[in-house]
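So, here's a batch of structures to check.
Each of the next two complexes has chain A plus one more chain, namely chain B in the first and chain C in the second.
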Partner chain A sequence: MKSLPSTPSETSLDTELQLFLKRRHRNAKIWQIIFYASTLIAIVFLATLLITIANRSFGYVAIENRVDPDSLSTRPLEELNDAELAGIIREKLRPNRVKTIERAGALEQQGYNRLYEIVIEEIVQPEVIRSFTLLESVFRRSWVQQTIAAEYPGAEMEFRSWLNTRFLQVPMASQPELAGVRTAVLGSLFLILITISIAFPLGVGAAIYLEEYAVHESRINRFIQTNIDNLAGVPSIIYGILGLAVFVRAFSTFTSGAFFGVEGATTGRTMLSAGLTMALLILPILIINAQEAIRAVPNSLRQAAFGLGATKWQTVWYHVLPYAMPGILTGTILAVSRAIGETAPLIVVGASTFLVADPSGPFSNFTALPIQIYNWTTRPQDAFRNIAAAAILVLLISLLSLNAIAILLRNRFSKRI
Partner chain B sequence: MTENNHYAIEASRLNIYYGNFCAVRDVNLNIERNKITAIIGPSGCGKSTVLRAFNRMNDFILSSRVDGEIRYHGKNIYAPDVDAVQIRRMIGMVFQKPNPFPKTIYENVAWGARINGFRGNSDELVEETLRAAALWDEVKDDLKKSALALSGGQQQRLCIARALAVKPEIILMDEPCSALDPIATLKIEDLMRELAENYTIIIVTHNMQQAARASDFTAFFTMAEDRAGEMVEYGATKQIFTRPKDQRTEDYITGRFG
Partner chain C sequence: MMEETITKKGRTVPFNRTVDLRRQFRPLESLIQAILFFCGAVSIFTTFGIIYELGKEAWLFFGNPDISLVEFFTTTSWIPAIGEFGVLPLVSSTLITSAIAMLVALPLGLGSAIYLSEYASARVRSILKPILEILAGIPTVVYGYFALTFTTPVLRAIFGDDTVSIYNMAAAGLTMGIMILPLVSSMSEDALSAVPRALREASYGLGATRFETAVQIVVPAALSGIIAAFIVGVSRAVGETMIVAIAAGAGPNFTFNPFEAAETMTGYIARISGGDLGYDTPDYNSIFAIGLLLFAITLTLNIISRQVSRRFREVYE
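Coming up: the complex of A and B.
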């Protein structure tokens, strides 16, 4: 048993130790505060981003109608039947325009929704003359009311969600009130589909070759590896220029579809070219991530398979790939998230900014959500910025849902093990 | 044909190199058929290297090179026209750490047979093999469960079952009990005894009691001055442990080594 009273030397040792310990704890505390602060700053930035977008996407608007809907009929427009709406259209629109509309069938047969739409869009022609932000609408409602009453006496006040079902269903238009993102959303999805179906097999294949088959020490493989690592950091616009030179120009016979006998195939500025360019763009990221995942497969697993008389391919296919698949999918999620938000290479490859027809296949013209957003933010009218904000919400939501699908897939793979 | 029915594997003038380093020098070793042969020796003496040379698992170490001959059924397995996959199918292996596939118990056993072209009744094969590995009674209700849920000793017996399922002639065991407790170790040793009736077993072990208990023949390896492994003595286990001919063997088995 050691006696409790301490000698003088022990006491000094104790205080020295305690001082040292105190210093260590203080250091740890300081670092902890720094990490805490950086997390907090990141959250603040993220919140600011989301608030800014929401601020623009929703809010009060002042609407002015070219023709007062009450002057068209004695009853409110919503209560009219098909025949009455058709009558209004015949009366108010020029005969030529009516003829054009009737190409799709007699007015009465086009259905209530379509007729109502024509009346609103071509006769009433509501125009947003002023839009207010969400924060203004919520916190300064009376100020908004007074402003509209004072400055726009003929206007009506209405709360508008710029992100609505109509916005998702209609294509691009020259007026912000009528424009939607249908073409852009379909274009983005189509593009991602092409990109994944090209980049995923190529990337995983290259990773398998580099990790399982290639001789690591050989000079040519080290050269390939270094190049892949560097390509992952090349700016995306350079891939765009590559895509323009190779896919759009040099291989235009193939990418335009002329080679496959597609009618009206003239330029290589097609969905296919864009998809190929995007695939090139994410390929290095995909390869590096897949390599990491394959490298993480324990060697004992390979040896177990080889010890049973499995060939290299059987070992890779039945054991290495399933084991690495969750990691490979995580890498693919990251790569696809990057691709879906890319704008620069698409502009270079020749994305259309005004497209109303749905993409019909790999050889059609294309546009994508980021292109549409970029285009809208450069327009002078105020309301275009509102729909740009709404389109950003659409982009974020589609990105998150794509990721959710990939994460579900990944979890299924992990569970099987 | 110079095949001697007595021997399962004949190694002659075997030299194994890693790059310029000679890991094993001039080994002549004839393994008796349907017996258990133990290879003992200090760490780094090349006993695992020799074991892995018997089914060409060293092929995966790029710098490794084998000189001399290892004859199996009278044919050198390092001859250029021999397919290493075929060799490994006939000479199975159980590793130091239990390494079942991250799949079901059933899949672990059936997979090896299936990829080697087995087209019979998998259920029967799995039951028969698990019985042979003395594991059937413990897992028969859990065949669809993950093999990783088994205990270490069970996993190692599953790995033995997996090796048996492809119907090899020889089973190589590389310190199969080093990660197991004494009870699981005894189970594996009993199992080896049973298997020796139908298979030739070669086991590398650090545990001298194990070699003395479980094997029929023992080869003692040690390192030469330049760290190259060499075989000092090879003979019946009883003789090696009671009347060793070489002083170095005696030093090692009595614990006076180093």
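Coming up: the complex of A and C.
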């Protein structure tokens, strides 16, 4: 073999090719970084979002008391006994107010915790005049101290977690320091209960019909299927408008409870209307998820049942459904977690923004956690932003735990196949 | 006549009928089927309910002598108190916020979809996908809070407090883009992953780099799915309520400056229905008219998206 002599033109072609290759590879590298970065940006946003919320949920606050606690007694309030606290309450509060409190029993009998709470809430009346973010509190502690000392000489500095057990236990209040999410959380739970008990049977029924009974080619069934796909894309606020027109207004005799003889039933803006609206909202998602779960059941199972002489319903009830159930439950949980975070339809249906009484039944007024968050977010005062952040934490934690349950279910399910 | 007997539970019973192999009439089975059909039909009732109620109240709205259809779609001021009902300010702000959202969501969503489908190893993908799913599962009211307490201050720090108002369309749109990003990303990724391996192998075989394969082979092959994802994203942005209700400001404003406050269609519906609303007032009817417009826009977008992904899908053996 004789090697070809390399001509000048060939070497130049070679280097040209080399350069071309180099350029292509450089291009490829740059774009790989860009693609990687766009994924990274999404994650950075998620992190930023979570940090923003944590940032507002915890941090130093400057507290100013209406009445100095030291002026109430010679010893610190925490060391006083029931009788001494009751004495302070009698002395400082108006007699009418004391009478109102004593309706639940004599002051001395109400227990230390309740008395202490009354002293703090109604006499000392601590007010947060400035709140600092978590990042400021951690990294610029001295600056926070100086600011408070310079601008609010009478204020005390305290590290505050806006998300605390008290926040979960007390209802809404007009002052952010005293407000909690009890009513909202109970309202959300109640709402979800109504939503599930309506949407689950309807959704699973529809999915069974479409997968097991319907003749796929028939026009009406194709129509139902297209319709469900379209409904899944309808904005949630449209469902709110539908709920307002149908459940709140047209069926108000039922949804207000007047038909069932409920006392004081005047308006259809009730928990039941909201639950029905929510049920319609998650129905398409639930049906689509349940259909997928039922479709995943192997056909051999059905044929074995038919072969033994089972009827269609027996096959579905005893063989298909049990097999598909974990998948259906996973889909239901995902649909429900969408309902928990939904705000817009509830606003349109008529959620109450200020409600202190626990929900008493399907015909009571309603509020929900997202409504509370929306309400607090739109208030101008800073401290409301803090409690909104704390309420968001409550919401996100419950959603994450629901999703974790869904993932666990899915994993167990996939192992079985 | 058959005289045979068979033994059943120890007793002898005369067996004098032949087994009937024809389909038996089972009333319970039919009843169950009817109930299940009803469950499926609920979705049809829902659609008809939406169309009927929106149509009826919108009809009442336009039946008002002060309001004409032409005026509704052409004039640029929406002040119900003095009888001015021009829907354009609400529509324009909806379009602006949605356009800003798509400017964020499309490139980032497509980029991350290409990364996840073409570059990432199975391990990396199994970590990144759930993170995107979390982003998709966050309630929109939380994004609204984020828009108001993070995006707006950042915009104001960059462009100055004079240019950017406290409530503005830009912050709402940008945050909405982040919200839609996971949707665009996951739908596009599904489309990209559906492109058969053979196409990529052929491209590599001709000496193409990974990038060239992704952009010149895989993306064109999956284009219908990507376009469908984009259209669904737009429809989601148009129908999104809480972010714009919180961050874009209250009160219709006909402006094309994204740093100004302007109420969108959804924001208007949320604000009006959040107050004490009397039935059969122009306010009450107007939310149905705007709702009908919103429903028509999103439905059209969704149908187009489905048609695009069905009709232009490349079918591979």
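Here is the rule we use: the second predicted complex is superposed on the first by the 362 of 417 C-alpha atoms of A that agree within 3 Å, B and C clash if a C-alpha of one lies under 4 Å from a C-alpha of the other, contacts with A are read in each partner's own complex, and residues count from 1 in each chain.
In this section, a contact is a pair of C-beta atoms (placed from the backbone, for glycine too) under 8 Å apart; a residue touches a chain by one contact, two chains touch by 3 or more.
The shown structure was predicted, so the numbers you read here are calculated from the model rather than taken from an experiment.
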By the touch definition at the top of the document, which applies to A:Thr311: first (chain B), second (chain C), both, or neither?
both
Is chain A touched at more residues by chain B or by chain C?
C
Looking at the overlay, what does A:Tyr209 touch: chain B (first), chain C (second), both, or neither?
second
Touch check for A:Ile340: first (chain B), second (chain C), both, or neither?
second
Mind working out whether A:Phe384 is in touch with chain B, chain C, both or neither, as first, second, both or neither?
neither
Is A:Phe251 in contact with chain B, with chain C, with both, or with neither (first, second, both, neither)?
neither
Which partner chains sit in contact with A:Tyr152 here, chain B, chain C, both or neither? Use first/second/both/neither.
neither
Pick one for A:Tyr116: touches chain B only (first), chain C only (second), both, or neither.
neither
Shared chain A footprint, chain B vs chain C, residue numbers 311
Okay, in this complex, where on chain A does chain B touch?
215, 217, 298, 300-311, 314, 318-319, 323, 416-417
Seen from chain A, its contact residues with chain C in the complex are 24-25, 27-28, 31-32, 34-39, 41-43, 45-46, 48-49, 52-53, 56, 201-206, 208-210, 213-214, 221, 223-224, 227-231, 233-242, 244-246, 249, 280, 283-284, 287, 311-313, 337-338, 340-344, 347-348, 350, 353, 370, 373-374, 377-378, 385, 388-389, 392, 395-396, 399-400, 403
Quick one: in the complex, what on chain C touches chain A?
26, 28-29, 32-33, 35-44, 46-47, 49-50, 53-54, 57, 107-112, 114-116, 118-120, 128, 131-132, 134-135, 137-146, 148-150, 178, 181-182, 185, 209-212, 215, 232, 235, 238-242, 245-246, 266, 269-270, 273-274, 279, 287-288, 291, 294-295, 298-299, 302-303, 306
Spell out the residues on chain B that touch chain A in their complex, using ranges where they run on.
55, 57, 60, 62, 85-86, 88-90, 92-95, 97, 99-103, 111-112, 115-116, 146, 159, 162-163, 166
